[in-house]
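Below are two complexes that have subunit A in common, paired first with subunit B and then with subunit C.
Entry: the complex of A and B
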């Protein structure tokens, strides 16, 4: 049995942003076990101070290239809640559809390009493109479809242009929506093949029960607005997000950690799946069954499997939304103007990696206070708790295997590190 | 090398500094339409997408701004290794969105976000990579334009530097047959911003934010006249000017 293990993975690959895994075991005893976040602090909240309220969503979408639409959506909802703006039914439908584009794009990127190489024994998607081109081309096809969907609605996925406070500044034509509808229908075969692929990949066997937190609505699998719900019990309105997140600083991470009812909690696809399984679409439930995942699942590696279930959900629901929009017709609407120019508001969205909060104070049209709480920041303490539980159980393996198991664990959370490193408690003016 | 040998493919590396990594994501997305790019080069380092790493490369694409002293060392190492350094996107090219905070002091910014723990985190005033190392070429934009990236790679493969437009966005905006943003009552930096993106923001109903940088001979006076003629305020334009262009505009201001 290995009794001394030193692991230092500097700049973990195939994740967004810069993180190091550091493990130190001396004579079988775990001395240190950290996921160090060494991304540069980004200071977005400080950057928002003094900016016109209309710019907030354009600035904060730049927090992350992968979840740009998610940041823009949460940002707009925060501003709208602060300024008393109620978006139209059409805006709500278009935002939901746009959001599915991002969920699909991000989940495909993660499942196929960042996670699958570990299971197929290659270093990246690049050799995979040579050894299994059909797999990579399928991923690129779904990614292109989701990117084209966002481009039709908001100009481009990274970074959205036409999303604005109170609505949109551009609208897709009926024929664009009809073409997308056809392509989504045709994509069902690729989605089925995705489920089949992940049925074959066996996730490492590791379980550690934790608190799972996600936005929740009774009548739909919630991605935008809703209430905060925990698998440990408890429902909070999003305006009380601070009671759930309880951020605190740790020296080895430029991203803040969080805790709620236990020492750590998890957000993301697996948390949404555990909290809102009942609200999944019929095909997504079938896929969950085929993938042998049911609530509550406590294996963090299965976060990727939950993402595959959400891919199925997103495609099925996108088709429904497209049908609805085509039937009612998309009209050119001016954005709803603000009812006031001073106020405070919170916006929340389930971005691909979990629940995201934006909170702004606006004074006479300028942002005077800002706080953003990012999914990856909420997951960091939980990842470390998983690492502490996992390492002692696999100490008998060669060091490379332990390292790979830890890398795969961190990757399963799909961390978005540049997102999470800008944020801390902020004193509101 | 003899004439019979196939020339070795250029060895290409991607590096990221302070950024959202959206430009590298756009590079990945360019494979959706141009998968043949993978056959033209050897990608030897691309941390966001690959576990393979190497210190032997000819072309380095660098995304992100330099935002702390320790970044400089890493940048200099890249410069010493690569024959060609290409700034990828607004953060590397202009300092980009990260430089918004250059209007206030480091202490203030640190304290605002991390309170009394501010000292834990290393930072300084964000800057473009050209403030630290020589840059051979740049691909502008926030994010980069996919087609322009492919176009630039094609040039580099032929041993030429990419051609990037140095005329204002208005020219492309006219070709797109957009109604002028000023006529729609919105501030727009099109008259002074480098074209090349196909005027994508005005085409989707928003004024240009200047993410591609200012052209080399901007007519700022004429721009002010246009603003006043349309009843818009200089404050609106100044807000836009400080979104991506803070580093450039601060360097234009007279020093005390």
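Entry: the complex of A and C
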């Protein structure tokens, strides 16, 4: 048995941003187990101060090149809530459809390009392309479709330009929606193949129960608005998000940690699945069954499996939304104007990695205060708690196996360290 | 091996780059010039691909011949341009193995991925134009604007030749 283990993974790979894993075990006792976030703080909240309210969604979408639509959506909802804007039904439908594009794009990237190589015994997507080209091409096809969907609705793939406070500044034509509908229908085969692929991948056997937090609505699997719900019990309006997130600083991370009813909580696909399983689409529930995942699942490695379930959900719901939009016809609408120019509001959205909050104070049309709480920041303490539980149980393994298990654990959370301001290197000390 | 179900297509002229970043719009400008000249032979597709990253693999999938036009840092004077092939260059990238974040995936990574997929077009040619400025606004510098006309003529000559 290994009694002394020092792991120091400096700049973990296949995650977005920079973080280190540091583990120090002396004579079988865990002395240190950190996920160090070494990314430079990015000061987006300070950048917003003094800016006109219409710029907030464009500035904050730059927090992330993957969940730009998510940031823009949460930002617009915060501004709209602050200024008394109620978007039209058409706007709500277009925003939901747009959002599915981004969920699909991000989940496919994570499941296929970042996670699958670990399970298929290859170091990256390049050897995977040699051994299983059809897998990589499938991922690229779905990614392209989701990017094209975003471009059709919000003007371009990344960093939406057509989304604005109170509505849109550009609208898709009927033929664009019909073409997308056709491509989504054709993508069903790729989605089925994705489920089959992940049925074959065996996730590590590790469980640690925690508090799972996600936005929730009674009548749909919630991605935008809703209420904050915990698997430990409790429902909070999004305006009271601070009572849930309780941010605090730790010395080894440039991103703040959070806690609610336990020392740590988890957000993301697995949290949404655990909180809102009942609201999943019929095909997504079938996929969950095929993938042997049911609520409540406490194996963090299965976050990727929950993402695959959400891929099925996103495609099924996108087709429904496209049908709805084609049937009702998309009309030109001017954005709903603000009812006031001074106020405070919170916007919330379930971006690929979990619940995201934007909170703005606006005074006479200018942002005077801003707070953004990003999913990866909320997961950091929970990842460390998983690492502390996992390491003692695998100390009998060779050091490189321990390192890989830890890297895969962190990767399962799909951390976006740049966004949390702040990612991952494993240091075994 | 052709991994696409579609029958093999002819030639694709693919512009890469972001026209909002000054001279990075050189490729798109060449495509525009070619389209306006109206002398492109049938069976040749023109595409402004923008900044597709790894999805470049899908854009050129199924084509026999692909000509990529892009601004390229080659250490030359602004507006100088070169025609070269895959064999002429060593791929340069911060993360060619794609083990990192995938945030930076561009043409070099797309070529590496296409090689691994065995789906690289049988003829792949590049026209690189040395930029003067990759700023934060649209518009080409005069030297690059001049190169755009020359490259468009060179591509036409290659197509017709």
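Note that the second predicted complex is superposed on the first by the 421 of 429 C-alpha atoms of A that agree within 3 Å, B and C clash if a C-alpha of one lies under 4 Å from a C-alpha of the other, contacts with A are read in each partner's own complex, and residues count from 1 in each chain.
Operating definition for what follows: a residue touches a chain if its C-beta (ideal position, glycine included) is under 8 Å from a C-beta of that chain, and two chains touch if they have at least 3 such contacts.
Since we're looking at a predicted model, the values are computed, not measured.
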Fit-or-clash call for subunit B and subunit C when the two complexes are aligned on subunit A: clash
First, second, both or neither for A:233, with subunit B first and subunit C second: neither
Partner chain in contact with A:59 - subunit B first, subunit C second, else both or neither: first
Of subunit B and subunit C, the chain that contacts the larger number of subunit A residues: B
Touching partner for A:147 - first (subunit B), second (subunit C), both, neither: both
Touching partner for A:249 - first (subunit B), second (subunit C), both, neither: first
Subunit B versus subunit C as contact partner of A:134, first or second or both or neither: second
First (subunit B), second (subunit C), both or neither touched by A:329: neither
Which superposed partner A:121 touches (first subunit B, second subunit C, both, neither): neither
Identified clashing stretch of subunit B versus subunit C [25-33, 79-87, 97-105 or 241-249]: 25-33
Residues of subunit A that lie at the interface with subunit B and also at the interface with subunit C: 13-17, 65, 109, 113-114, 123-126, 129, 137, 140-141, 143-144, 147, 418
Footprint of subunit A on subunit B - complex, ascending: 16-26, 28-29, 31-33, 35, 38, 43, 46-53, 67-68, 71, 96-98, 100-101, 104, 108-110, 112-115, 117, 120-123, 142-143, 200-201, 203-206, 209, 236, 239, 243
Subunit B-facing residues of subunit A, complex: 11, 13-18, 39-43, 45-47, 49, 51-52, 55, 58-59, 62-66, 68, 109, 113-114, 117, 123-126, 129, 137, 140-141, 143-144, 147, 154-156, 158-159, 161-162, 164, 168-170, 249, 251, 254, 418, 422-427
In the complex with subunit A, residue positions of subunit C that touch it: 3, 54-55, 57-58, 61, 97-103, 112-113, 116-119
Subunit A residues within the subunit C interface of the complex: 13-17, 65, 109, 113-114, 123-127, 129-130, 133-134, 136-137, 140-141, 143-144, 147, 418
